[in-house]
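Each structure below appears as structure tokens.
Shared between the two complexes below is chain A, which pairs with chain B and chain C, respectively.
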Partner chain A sequence: MSGAREAVARISEDVVTGEGAPAASAPARQASAGWKVLPIVEGLVLLIALVLPWVLQDYLTVFATRVVILALFALSFDLVWGYAGIMSFGQALFFGAAGYGVALMARDLNVTSILLILPAGALIGLTAALLLGGFLLLGRYPSSVIFVSLGTLTGSYAADRLARGWYYLGGQNGIPSIPPLTLGSYEFEEGPVYYYMVLAILVVVYLLCRFLVRSQFGLALAGLRENEQRIAFFGYKAQHLKAIIFAVGGTIAGLAGSLYAFHEGFVWPNMLGVVFSTQVVLYVLFGGSGTLIGAVIGTVIIEGVSFWLSDNYRDVWPIILGVLLLLVIMFRPLGLISFVLGERERVGRFGKAPKEAGNAAP
Partner chain B sequence: MPLLEAQGISKVFGKLTALDGADLTVGENEFHGLIGPNGSGKSTLMKCVAGAEVPTTGKVSFVNTDITAFTPTERARAGMSLKFQITSVLPTLTLYDNILLALQAQSSLFDLVLSRTRNRLHDQVMTMLTQFRLADRAHDAAAALSHGQQQWLEIAMALAGKPRLLLLDEPTGGMSLEERRVTGELLQPIKQHCSLVIVEHDLGFIRDICDRLTVLDQGKVLASGTVAEIQANKSVQEIYLRRA
Partner chain C sequence: MASTFAAVFEIVSFGAIIVLVVLGLGIIASMMGIFNFAQGEFVLLGAYVTYLAYAHGAPVWAGMIAAPFVVGAIGFVLEALIIRRFYAAPIVAMLGTYALGLIIRESVRGLIGGFYLTVPEPIGGSIDLGSVHISAWRFTIIVITLLVMGACYLLLARTSFGLRVRATLENPALARASGISTPLIYGATFAFGAALAGLAGALIVPVFSLFADLGIRFLIQGFVAVMVGGVGSFIGPVAGAGLIGTLSAALPWVMSPVVADVLVFVLAIAFIKFRPQGLIAGKGV
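For the complex of A and B:
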């Protein structure tokens, strides 16, 4: 047992230093180079993620898989809050709703094909986000931040209570023993294959998000985040923009939720509730909201550190983690990524530069 | 037919009557100054026209359409634009992106996601920046500009969508004398395609660029007419110009 614990400690350190190290040493060097920090950090993270199953013991690969799925979940919140400035305290509603939805598909309809489950999960997330977002965000006049944050929080809380009380959904215990995800006759068991499958999905979704936030639509989102009223006076349909990005966020959360349900093999009410909703806020704030890679790094570090702390400081680890989070949020409001990333690059540019860059495609 | 016609606009905040049946008429290609002592209701009238406030009673028509119940977005799409009193450029974005943000407001979602209008809008962005003497700083963050330059950037943003009516709330607030003079110069060329309603404390500035003036006092219109008529108006002199 102590050997296992050592391994956990060593691996967790790898995870932490692997992505924390550039954060500590590189800022001065990178600052002068301008424009190039993000791709380097992204490349490093991807590299580490790719080799991880080769150096990790199997049970840690299972843990790493969970972290990658949560990173996907974090991306959904980052789009909604970090890029569009919508304070969603109920992002787990979409995550959990999709998780429950696909669990029911497996339990009651015997559907486990990845080709059906993932689109279904995304669709459930999308639908839930359209319904809740339509109610909270659409209207002739913009809704206040308080209204939106309390509305999403309430939605998430209510869904949690509903699941706890509903016998069909398994009540407090949730839905256990979800069979493995399948592709034809192949079954995705926990381990390296599942890991690489979710990593591939994360990379694809990440690239799509990156495309989106660096487009002219991303510029509109930046305007929305900084001054919603101002851009309405330009003629933007600000509420529509918000509902759209909220729906995109819900879709990604749904995708993550369905992967999570099949990976864990069960779903339970917490997946819908305030705990998961708050956790994802912390991932993003910790890593750096408004940068996609910040959301991923925040998830990895918080989950890695909690894993390590809970093993080594069984009694006090939540307090240590809490203090750590507070320190980062107080002294680095833009998250850990701000150690290496300058303001200019974080905001970045939008669309293809036609003449200044000279080499853009039409 | 006037471009903008606001009739009998009243605005009551609790017990305070900020506007009491004010009228404002602005013709095509007219620069119209809105003046009056502090608290006379200038800014409130401006906000009711722009859609930032909903008037308690009264009617606003713009290009023969009743826009009283239009949201700011709908007004912008009808051809009305507003520069806020408090500078509200987007400080972290570059000047270029600030203007692009204003210009692309009416691009379709599809075009925005695929970044299809940026090439087409590039020349317009640079024209606006050049016109407002900001082209050499196109890729600086707006936060790095002086207060006066931020005001210009904001006017440029407000003009980017080629509005038919521009509402300027205290454009020269906090500017140096030289900056005020330049602002006047920068505004002159837009007369060819745009009307202007301007709230301003600097009467010299107003006299120099405006064709007509409306004087408000305690929420009511005291007088309205050409600059010469207003200057000759006895009650205006008593209530306002004397003090200035």
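For the complex of A and C:
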């Protein structure tokens, strides 16, 4: 947290020197010449993701598909926590609700068309997030951070308990044997096709999120995270901004949940509950909250290592995970990505750089 | 009549268990301002210490007496090494203690495996009141809960240590300026909260048996109880715990347990939304 504050201070310092003493801004410009770490990292990740199915065996491609879906889920949490500073400890509620929703559509209504399932999943996530977010975030008095985090956690826990006890939703066992997704008469089976379909969705959503967080709306969100009161004094309706981004996060989580349900072929109560909710927190914190690519990288690393270790070290892995997480929180609050990514680039900027503006004027 | 009495006893004894679990959580949340996600694992540790003592041939009550001291000591060390860094940011404290809890829980899971281990009640049998038989151990838990509650209240309200704790809560800078060592007070308070959790774990392990997810079961209920009661005082969380515990034990008698389970949480969150200060507002004891 304090790191982020330093970064803001440093940026404002740059602005001051840029305006007051043009000569002093030369080193700053030098520094900004090596600006673009983020696109390089993003490009690398995309490249690896694209060639992966050719390198991996089939059963590993299925695993990679699951990781890509979870990365989409992590993205939704990152928007809410990393950008707007809303601690949503119950993000799995939207993920699981959409999963259960589309599973019921497939079971009871025989709907498996991708053109209906994905919008329906996103819509379920959006509705649930609007209801829960509206209740927790809006109101006459601004809600405390603690209340929102415990409220979302409780919501997710209660949904888990409800799903476990409700016979219609399959109780403890959930809903098994969901038929595959279809497009016309084509069936999406697990494997490379499903992988590329999910990857394409991830890339599109990623680009939309990237546009969103680099817009003025996104900067207002970052301001909200750093100093909510100041943003409110600027005239932004802080609570509305929070509710909007919470709903966007819920939509993406719903999309991920419906993809996950059809990919795994079944849904079960854990998908709604505390297990998945905290899992996604781990991904994002580990990779680096407040950068979209950090969420993706965190998911890939945690799931990858967990898969790799699961045969021999199944018992020890959760303990190692806990220790790593504790170390990251204590010493690298901005996650692994902060090893390569500077503060300045993480926060980003809005509009043209001052120097370019100066050149363009005459 | 007899069945009503049995039901009331059931409800009260569950309420007492929740109060016992929440006491430590409430003291840490109120006096230090952090929500300790590892509290459930301190309960688990207390239960585990009792089980260890029993497994090595010591009497169960000896394990129960040892548990709060062992867990309190662990809490003190953890506070000095780790928790201390998190005071500035409550959300980071949540995440950090969550990671800590994960480590403790999975370590215990590694030690006991996926089993449900039973520990016998040190005071077995039942108390007969006319035609009604109530479990002697559950009755003992109610009595101990009342005693511990009273002792905590006296400690915080009537002793010089309690005064220092409250001073540190009220205004840390002024407390430091008055010569109170606030880091030591924080350490002691955290250790005390952990010790209470250890005691709770030791007392409830004969009822619920020992398994790795024992703590999680109570954690969320505990947080909700603290928020309902009101953060910042000693009485608030206790009142909230009594209410939540009683409600979640009583509602299944009048409606389907699944609905009751969820309804308690929904009611609690709605209550906190419209009364953020909780049942009992204000700082102090």
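Following the convention adopted for this analysis, the second predicted complex is superposed on the first by the 317 of 362 C-alpha atoms of A that agree within 3 Å, B and C clash if a C-alpha of one lies under 4 Å from a C-alpha of the other, contacts with A are read in each partner's own complex, and residues count from 1 in each chain.
Here is the rule we use: a residue touches a chain if its C-beta (ideal position, glycine included) is under 8 Å from a C-beta of that chain, and two chains touch if they have at least 3 such contacts.
Values in this document were obtained by computation on a predicted structure and should not be read as measured data.
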{"item": "First, second, both or neither for A:141, with chain B first and chain C second", "value": "both"}
{"item": "Touched partner set for A:227, first chain B, second chain C, both or neither", "value": "first"}
{"item": "First, second, both or neither for A:153, with chain B first and chain C second", "value": "second"}
{"item": "Partner chain(s) touched by A:244 [first = chain B, second = chain C, both, neither]", "value": "first"}
{"item": "Partner chain(s) touched by A:215 [first = chain B, second = chain C, both, neither]", "value": "first"}
{"item": "On chain A, the residue positions that both chain B and chain C contact, one per complex", "value": "141"}
{"item": "Partner chain A, residues of chain B touching it in the complex", "value": "50-52, 71-73, 75-77, 81-82, 84, 88, 90-94, 97, 100-102, 104-107, 109, 111-119, 122, 139, 141, 157, 160-161"}
{"item": "Touching residues (chain side chain A, partner chain C) in the complex", "value": "1-2, 87, 135-136, 139, 141, 143-147, 149-151, 153-155, 157-158, 161-162, 164-166, 274, 278, 281, 285, 315-316, 318-319, 321-323, 325-326, 329-330, 333"}
{"item": "Partner chain A, residues of chain C touching it in the complex", "value": "35, 82, 85, 88-92, 94-96, 98-100, 102-103, 106-107, 109-110, 216, 220, 223-224, 227, 231, 257-258, 261-262, 265-266, 268-269, 272-273, 276"}
{"item": "Residues of chain A defined as touching chain B within the complex", "value": "140-141, 212, 215-217, 219-220, 222-223, 226-227, 229-238, 244, 343-344, 347, 349-352, 354-356, 360, 362"}
